[in-house]
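Listed after this line are the structures, all set down as structure tokens.
What follows is a pair of complexes built around subunit A, which joins subunit B in one and subunit C in the other.
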Partner chain A sequence: MPQHLLGLMLVTPALAIVVLLFLVPLASSISGAFEVAGTVGLGNFAKAFELYGNDMAFTVVIVLSSTVLIGLGSIAISGYLTLGSNPRAVAILRWLYRWPLFVPFIVVGQVLRTFLAKNGLMNSMLIESGLLTASQTMSFLDWRGIIIAFTWKQTPFVTLLLAGAMASLDRSMIESARNLGASRPRILVEIILPQVMPTLMVGLILGVVTMMSVLSVPMMINAQTPTMITASMAFRINAYGDYGVANALGFVSLAMTSTVAWVYLRQTMRDQR
Partner chain B sequence: MRSLALDPRWIPRALGLGLLAFVIFGPLTNLLLWAVAERWYFPHALPLKYGFTYWVNVFSPRGNATGALVNSVVIAGLTVVISIGLAVPAGYALARLRLPLRGVILLMLLVPQAFPNLPVYVNIARIFYQFGLNGTVLGVVLVHASHGLVYAVWIATAAFSALDKELEEAARSLGASALRTFVDVTLPLAAPGLLASAVFVFLESLDEFTGTYFVGAPDVSTLPLLLYTAGAGGNYQIASITALILLVPSIAFMLVIERFLRADVLSKVGR
Partner chain C sequence: MSGYLEIVSARVRYGDVEVLRSIDLSVAKGEFVALLGSSGCGKTTLLRAIAGFNPLAAGAIRVDGRDMTRLPPDKRGMALVFQSYALWPHMNVDQNIGYGLKLRRTPRDLATARVTEIKALLGLEDFGSRKPGELSGGQRQRVALGRALAINPDILLLDEPLSNLDARIRLTVRHEISALQRRLGITAVHVTHDREEAMVMADRIVILNGGEIAQVGTPTEVYNRPNSSFVAAFMGAENLVDLDLAVTADTIEVAEGPQNRRAVLPRGGRSLESGRAIARFRSDSIRLSAAEEPDDDDGGLVLRGTVGQVGYPGGVWRHVVHLGDRSVMVDAERRFENGAEVRLHVPGDRLYVFSEARN
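Presenting the complex of A and B:
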């Protein structure tokens, strides 16, 4: 048998699963968004923007703020891991930062729901330590809770990628900058960061796609409106069986991420060459 | 060795690390406390009574955790079998054989990572409904496998690419058939990478919520669905116990692969 035929035969079953269980439903979500009572139209979108316009804005704000926080957090942690002068402090930080990486999203949702509530452990501890009085406590189970959950869970992942990229940099430039008296924050921002920017972008983009896919966090932490369009989609289906509007919302989330996904795919293709 | 107390630079370090430790372990401690709290209400900072009655209830024959746990493990096991079974031939072909349209195939395997999967799951549920797959274990396994397969193919491709070709060529020149060479030489050498990807796919399936929520619920209950319903009903003890059961294998996996997570190892990924 010619080798390329054998190769195709070996790849086909895996590809078939991806086509049937990912690409076909993806296509039907796109075509379903434009289908109104059997014909093509924009009715679903009109309804989606009318009913869930606030949710779309809310989603964009949540995802952008979380992405900025994740970026800053991962730069700070990986920067200290790379430039920290005290090996013991670096070792503690390296041991510490990774824990949320393997905590499933559904567990993050549950854990933070009880931790951030008005009666939760965080407020109780702040009261016990005398930093707050009982009347000053407030619940963080709204947009802030979602941002905290995403940042808590995603920062270690981006940090892991970023610290890996920083470790592979040539140390000589960093050493010579230090010898010339440059401060460590300045070395981080002016010398290291420009070189690891592609890795940071890929990590953050993967984070955006993840945040737009996670249903459990907005449903568990923010049980009110406005909410993220992921939760609106689930609500539209569970309460009304309305696939048209749900697919229109899905199309909006695809459009939001495909802008960044395009950058991600281009980057990956370039790296593989 | 210098004394720590004499170095004033440890003040900002300890403050920063302490704050980070609070941010990371505060919520996790909270989970542990809820899992063993019998009575806990505001304004008490800590539970009033500790005990394991909820654990007994959760795992009693009438409790639904045992069923959900069995479902979760069966689904994750079948997902691993399908994903790895399909990923090994595909990964081998991508790593070793000349393939037409290799770029297109790789792109198709990248796409599921680049799009949010919620709209996809919604429509899978709709398609599965027509075939009677909604609310069945097979339906849930297929959804999990479509997700796990992508990771498994990537890791298998990397594992096969990393092998020394000369060992296979030596086996062939000694007269072994292509299949025999693959089974006796290639597969054992790639086994550690494949095993790691199997564990990863298993955990991804164990923790999966969204796809199960649309395709499986309410007929097929898994641990994440149990956690969600218990939490939504305000039953924080049961939700926390379930969360803890999900957390333990994940953390164990993290500790096992710890040496692979070091920056100097990661910097070689993709080289």
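Presenting the complex of A and C:
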């Protein structure tokens, strides 16, 4: 048997799985988005934008704000892990920050629901401590709740990547900056961050993709409109059996994540040149 | 000597291990001092303690009479050149050299002028916009030096700055650095494990062993008058023989031994005791002659041995000579064959003798 045929045979099982389980359903969803009553058209998209335009904008705002917060949080935590001068505080933080990684999204939603509600734990604590009166409390179970949930859940993941990248930098690069008189925040921003930027970007993009796929958090925390695109898709299928509009929404969501990935890839190509 | 940089009873601990044990050292202004020792002797720890990266468990560090012991690294007026150079890969040469000036809020035109001056000093004029990744090892080393010099430090600290360069470049960079140091008149402390590097660069050499100073002296002092067997061996006198001594006020009488003749050597102020002693000498300070040749006693120590191996490293023949159960290395102009009976003539002033009790 010729060599190249043998090679092809070896790769066939893996290829078949990718094609059958991933590419075919993807293609069928995408083509389904453009199918209106047996003909090709943009009807599903028109309907999707008309009914769920607000949800799309809401999704973009939520995901972008969460990403900014996740970025800042992970820079702060991994920066302290790398530059912190109190070994005990560093050890405690290192032990603590990874916990949310092991908590499923649905549990995060559940926990925050009891914590952020109008008569939830957070408000009771604030009233107990005398900072608020019962009439001043309000519920955070809306867009703010989603952002809190995403940030809480995704920051450790990005921190894990970022702290690893920072730890692998040559320590003497930090010491040489200290030797010249740079403060810790300056070392973080001017010396460390530029060198770990690619890792931060990868972490944030993976975070964006994850947030774009989470259904449980918006369902549990934000039981109103506008809501996130994932919830709208589920609603369209479960309530109406309307796969056309759901597929169109899926296509829009894929376009959003692809845009982020494309911007990132273009940036890295430019940097490497 | 009036010290500019003074280190007083400095101790450094890593956990329970005492890495530096009571170091006392005084460096004059404008002096170039090399800290020399093998790996783990504490030389880099001492340099980092001076720089302020390793806190002292006890003792003090003073510069020009001011106490620096508790000051952070950037308040000591010192600049450290790291072994790995530690250049920042995302900044170009100008930004690397100018970073210290930026931190000091030097006005931009002054900073630019200073960076240009430093680049001219180090021959880096054409590389200002290059990133460290686009430079050769020698150029990176100069950028690291330039970054340290740009802030006009009182003291320049060099942590094995040449160990990452290949052998040929290292020889020229040695001279460049010491010439630059003399031209700028800057006080410098240089860490190295390379004896020759320390000898040619430094005004004074500090030999460290096991966290303590073994000897301090000019290159000629530590080379010609080692104060211990360790220093003698470190300075290249690796050959070792056992002797029996009778010491008088100004002579050392070496008793006839299984491998050596009786000899009387001038004492030369050495502090020695009668009894068992060890003697060290270098492979190139010996005259080698065949045992059957007529003997011309020239006043030194004469040893008898058998050639065990001969090699040619270039210039001279290198012989391994067996003296009883010890072996020594001897260089000679001519070749002696394996198994030849030979005599080794070691001049009295090239023989470093230490009483056994003291080492």
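In this text, the second predicted complex is superposed on the first by the 245 of 273 C-alpha atoms of A that agree within 3 Å, B and C clash if a C-alpha of one lies under 4 Å from a C-alpha of the other, contacts with A are read in each partner's own complex, and residues count from 1 in each chain.
We take it that contacts are C-beta pairs under 8 Å (C-beta built on N, C-alpha and C of every residue); 3 or more make two chains touch, one makes a residue touch a chain.
Model, not experiment: these values are computed from the prediction.
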Following the superposition defined at the top, how do subunit B and subunit C come out on subunit A, clash or fit?
fit
Could you say whether A:Met173 touches subunit B, subunit C, both of them, or neither, answering first, second, both or neither?
second
After superposition on the shared chain, which partner residues are touched by A:Ala261: those of subunit B (first), subunit C (second), both, or neither?
first
Using the superposition on chain A described above, determine whether A:Gly181 touches subunit B (first), subunit C (second), both, or neither.
second
If we overlay the two complexes on their shared chain A, which of subunit B and subunit C does A:Leu64 touch? Say first, second, both or neither.
neither
According to the contact criterion defined above, which of subunit B and subunit C contacts more residues of subunit A?
B
Counting only touches as set out at the top, which of subunit B and subunit C does A:Val189 meet: first, second, both, neither?
neither
To the nearest 10 degrees, what angle do the lines from the C-alpha centre of subunit A to those of subunit B and subunit C enclose?
90
Touched partner set for A:Trp99, first subunit B, second subunit C, both or neither
first
Touch check for A:Leu51: first (subunit B), second (subunit C), both, or neither?
neither
When the two complexes are placed on top of each other via chain A, what is the minimal CA separation of subunit B and subunit C in Å?
12
Where on subunit A do the contacts with subunit B and the contacts with subunit C coincide?
none
What does subunit A use to touch subunit C in their complex?
170, 172-173, 175-182, 186, 191, 194-195
Which residues of subunit C touch subunit A in the complex?
51, 53, 72-75, 78-80, 82-84, 86-90, 99-100, 103-104, 147, 151
If you look only at subunit B, which of its residues touch subunit A in the complex?
9-10, 13, 17, 20-21, 23-31, 33-34, 41-46, 82, 86-87, 89-90, 92-94, 97-100, 105-124, 126-127, 142-143, 145-146, 149-150, 153, 203, 206-207, 209-210, 213-214, 224, 227-228, 231-232, 236, 239-240, 243, 246-247, 250-251, 253-254, 261, 263-270
Would you mind writing out the residues of subunit A in touch with subunit B in their complex?
3-4, 6-8, 10-11, 13-15, 17-19, 21-26, 28-29, 32, 81, 86, 89, 92-93, 96-107, 109-115, 118-122, 124-125, 127-128, 134, 152, 160-161, 163-168, 206, 209, 212-216, 219-220, 230, 233-234, 237, 243, 246-247, 250-251, 253-254, 257-258, 261, 264-265, 268-269, 271-272
